[in-house]
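Below is one structure, written out as structure tokens; comments come after it.
Per-chain numbering from 1; labels A, B and C assigned in written order.
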Amino acid sequence: MAWKRKDLLTIQELDPAEITLVIDTAASLREIGGREIKKVPTLRGKTIVNLFYEPSTRTRTSFEIAGKWLSADVINFAASTSSIGKGETLLDTARNIEAMSPDVVVVRHSSAGAAEMLARHLRCGVVNAGDGAHEHPTQALLDLLTIRERKGHLDGLQVAIVGDIAHSRVARSNIHGMRKLGMTVTVAGPPTLIPPHVQEFGVKVSHRLEDAIRDVDVIMMLRLQQERMTAGLIPSLREYSRYWGLTLDRLRASARADVLIMHPGPVNRGVELSPEVADGPYSVILEQTGNGVAVRMAVLFLLAGTRVTQEAA
Amino acid sequence: MKLLVRNGRVIDPATGTDAVQDVLVQDGTIAATGARLERGAVEGAEVLDAGGLVVCPGLIDIHVHLREPGYEYKETIRTGTRAAAAGGFTAVCGMANTDPVNDNRAVTDYILAKARAEASVRVYPIGAVTRGLAGKELAELAELAEAGCVAFSDDGRAVMNAELYRRAMEYTLPFGCPVISHAEDTTLSHGACMNEGTVSTELGLKGAPAAAEDTMVARDILLAELTGAHVHIAHLSTAGAVRLVREAKARGVRVTAEAAPHHLVLTDEAVRGYDPNTKMNPPLRSRRDVEALVEGLADGTVDCVATDHAPHALAEKEGEYDRAANGIVGLETAVSLLLDRLVRPGLLDLPTLVARMSTGPARVLNLPGGTLAPGAPADITLLDPGREVTVDPSRFESRSRNTPFGGWRLRGAPAATIVGGKLIWRTGGGFTG
Amino acid sequence: MIKAQVLDEAALERALTRISHEILERNGGAAALVFVGLRTRGVTLAQRLAERIAAIDGTKVPVGTLDITLYRDDLGLKTDQPVVRGTDIPFPIKGKTVILVDDVLFTGRSIRAALDALIDLGRPKMIQLAVLIDRGHRELPIRPDYVGKNLPTSRRESVAVRLKEHDGEDRVVIEAPEEG
């Protein structure tokens, strides 16, 4: 199995062997983070541009560390959406960045499809670090790695993804990845936060937290954005957390004893997760963060190393 | 000055003609049609051989954004009407969302003066319903009608205030021209950039439900019933709206409707890949909606085809999908798309398509033309159902290139456009007028 | 296509036994030694050497696994991305004598990468190199300390070390280049 793609844009387009390759590579690279000297020369002389149109310290930092541990030069390009008001389009920015000859551009943007569009116009590799409510492939890959580490396998596992599915790129990427690797997925939340026709992606839908989390191996809680309230999708945070917040009592009453609790972060403690759950023994949230760097190293390694193939083709 | 269009398959939905005939034009009007015209009558006429071609009443597009005044970088009356002629259209109706908005006589006068000087085909302005398209106060509708507006529409925006829309319908009743409804409940479609469905869920784009259109179509039908006015529904796109119009027509409500070629041939599946040239309002809908729309076009529920020709500059159509402008150019692809995708597979017969593009739109807006009967204006379109074309946006007459159909190979195309007895455009020969 | 057999099972055994003795002799015992094998067959050979040393000397020398993929100088030159399988050296190498083990020494580029990788993991007292086959054609100034067999080859040939753990047999063969 060899990586053939110029870009990593979605989980939807990957086949199971490709997903497994990234996860395996990440598992091999994780050891670097435990070294005294956290650096290998693999991407020496390569340039990685972090192009972030949305504020995201966590993901940007994770890519930055990943690039640096691989000895790449990492440039953070804090583009703001306001530059569009100044007449510079995303493509203008992209073309300017291309003039710097990067090997990989990592892009985060509030518009779905932005990464795909950049990839069409740029010769270098593009990594989608989250595009609107579409996909966030590296998050799903690190989630899968985390689950596999803990459970030893992925095939046959049952997962509940709980919360604002409609606006979540994390949910979309995970649904695709988990389905491809033989996992069973239930999405759960109030109907206003479940996207239309989501059943067609091979998932079950539940409107009751207790039902959704019963007998599952993994519960993935999503962050609830405050603006969903003003948009009229939920009445109040109080009511949301009353019915959809995962508390220790609820967990003990309905979930398995060996269940894993995941969250893409940052956690709204007291809204979707009670503090004792977020910080408790079921939680693998910190492992997710650690695996994030490993997955991003794997992705950068695979993309930057296949560049010559692309040019030769 | 005589022109003889000889030996074509003459299809005139207004008279029920479908036969190989000659059409004689004299002094800008149809002088005679028939299989054997008198030798004396045709003597001295310039001859246009239409063997193998379809000869039909000039096609009329009642929904075009000519963009002038104000957005000349997208389109002008000159380039827009050249695109129309090259697409087989002999008349177009220009929507009011120019800058300034066509909500007063001065703008209408300007458009008509520009059209007299530079247009290749007939131009009929459509006036705004509300001042500045703001949906707050009525525009000076009587004066707009007197100046030459043939209908009223805030197209591009819905008039959300139902009472104001009711008053617009009542106020314009004496003028004999309809209001054209951009049927969209914007409280339901707010923030949407495509159809709501499986594809919008997959792509993570906000979708507008079909109900956003259906509820407004229902409202406007009820208001037409209340006021006795004629409401014309622009760019119908949902199965529900087709059903509502069909039921209303059966009840005798004065409602007519149009459908755009892109809604008749594309579904929201085309949005995959995020090409902003698949973004329009109303959005591309589901397979079921497309089928209902074609059925409605065939059975007459949908009175006419109108392209909603919406030129935009490249920069407005190449960026992020959710920020791109709505709409595509349609004048130069409509005939080929519909011949290839509807007539060729047998979803619609050729005489019906001709009716929906000529007689139908003429009747909806009470426009001259739409027939080849003697005495009618000599606006004639020649179609070549056998000609293969590949859509090449770089060769459009329109100033804009925003189309999702680039590279499509289609069978059937316009062959010549005659306006007022003058041959304006023909395949291979380009513009002659 | 196999062109010639270089070592049979018995010869391979003898070579490893001899190297084990040389290592002990040169280092005055096995106390401060660690083995690091290069993936994949270098690791197997290192394990076999460790077993022999344990049998001779009674000392259990730890064996680590080194994946040099991240240190290669031909990344991006190859059409296929090599798979990273990971490094696993679960003991400190600082102050130790590291015996680096590989199956075939050829251009020396793998050993260059391995030396860089090792030094990133700590500062060993000394690094020595043991290889089963030295086939020549060096492109870097690298010289083995222990050699099972020196084997003159043509550049176009390839040398295959087959080991029971991976290939079901113990022998070393020369393979002729593929036609075309």
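Here is the rule we use: contacts are C-beta pairs under 8 Å (C-beta built on N, C-alpha and C of every residue); 3 or more make two chains touch, one makes a residue touch a chain.
All of these numbers come straight from a predicted model, not from anything done at the bench.
**Student:** Among all other chains, pick the one whose mean CA position is farthest from the mean CA position of chain B.
**Tutor:** Most remote chain from chain B, centroid-wise, comes out as C.
**Student:** Find me the chain with the mean Cα position closest to the mean of all the protein Cα atoms on display.
**Tutor:** A
**Student:** Report, in whole Å, the distance between the mean C-alpha point of chain A and the mean C-alpha point of chain B.
**Tutor:** 45
**Student:** Chain B to chain C: how many Å between their CA centres?
**Tutor:** It comes to 77 Å between the two C-alpha centres.
**Student:** Could you put a whole-Å number on the gap between the CA centroids of chain A and chain C?
**Tutor:** 40
**Student:** Residues of chain A that contact two or more other chains, please.
**Tutor:** Expected reply: no residues.
**Student:** Along chain A, where are the residues that touch chain B in the complex?
**Tutor:** Touch list, chain A to chain B: 12, 84, 89-91, 109, 111-114, 116-117, 131-135, 169, 172, 195-198, 200-201.
**Student:** Applying the document's contact rule, which stretches of chain A touch chain C when the two form their complex?
**Tutor:** Per the stated touch rule, the residues are 1-3, 21, 24-25, 27-29, 31-32, 35-37, 39-42, 70, 298, 301-302, 304-309, 312.
**Student:** Give the list of chain B residues in touch with chain A in this complex.
**Tutor:** Answer in residue numbers: 196-198, 200-207, 273-274, 315, 318-323.
**Student:** Within the complex, which stretch of chain C touches chain A?
**Tutor:** 67, 69-71, 75-81, 83-88, 116-117, 120-122
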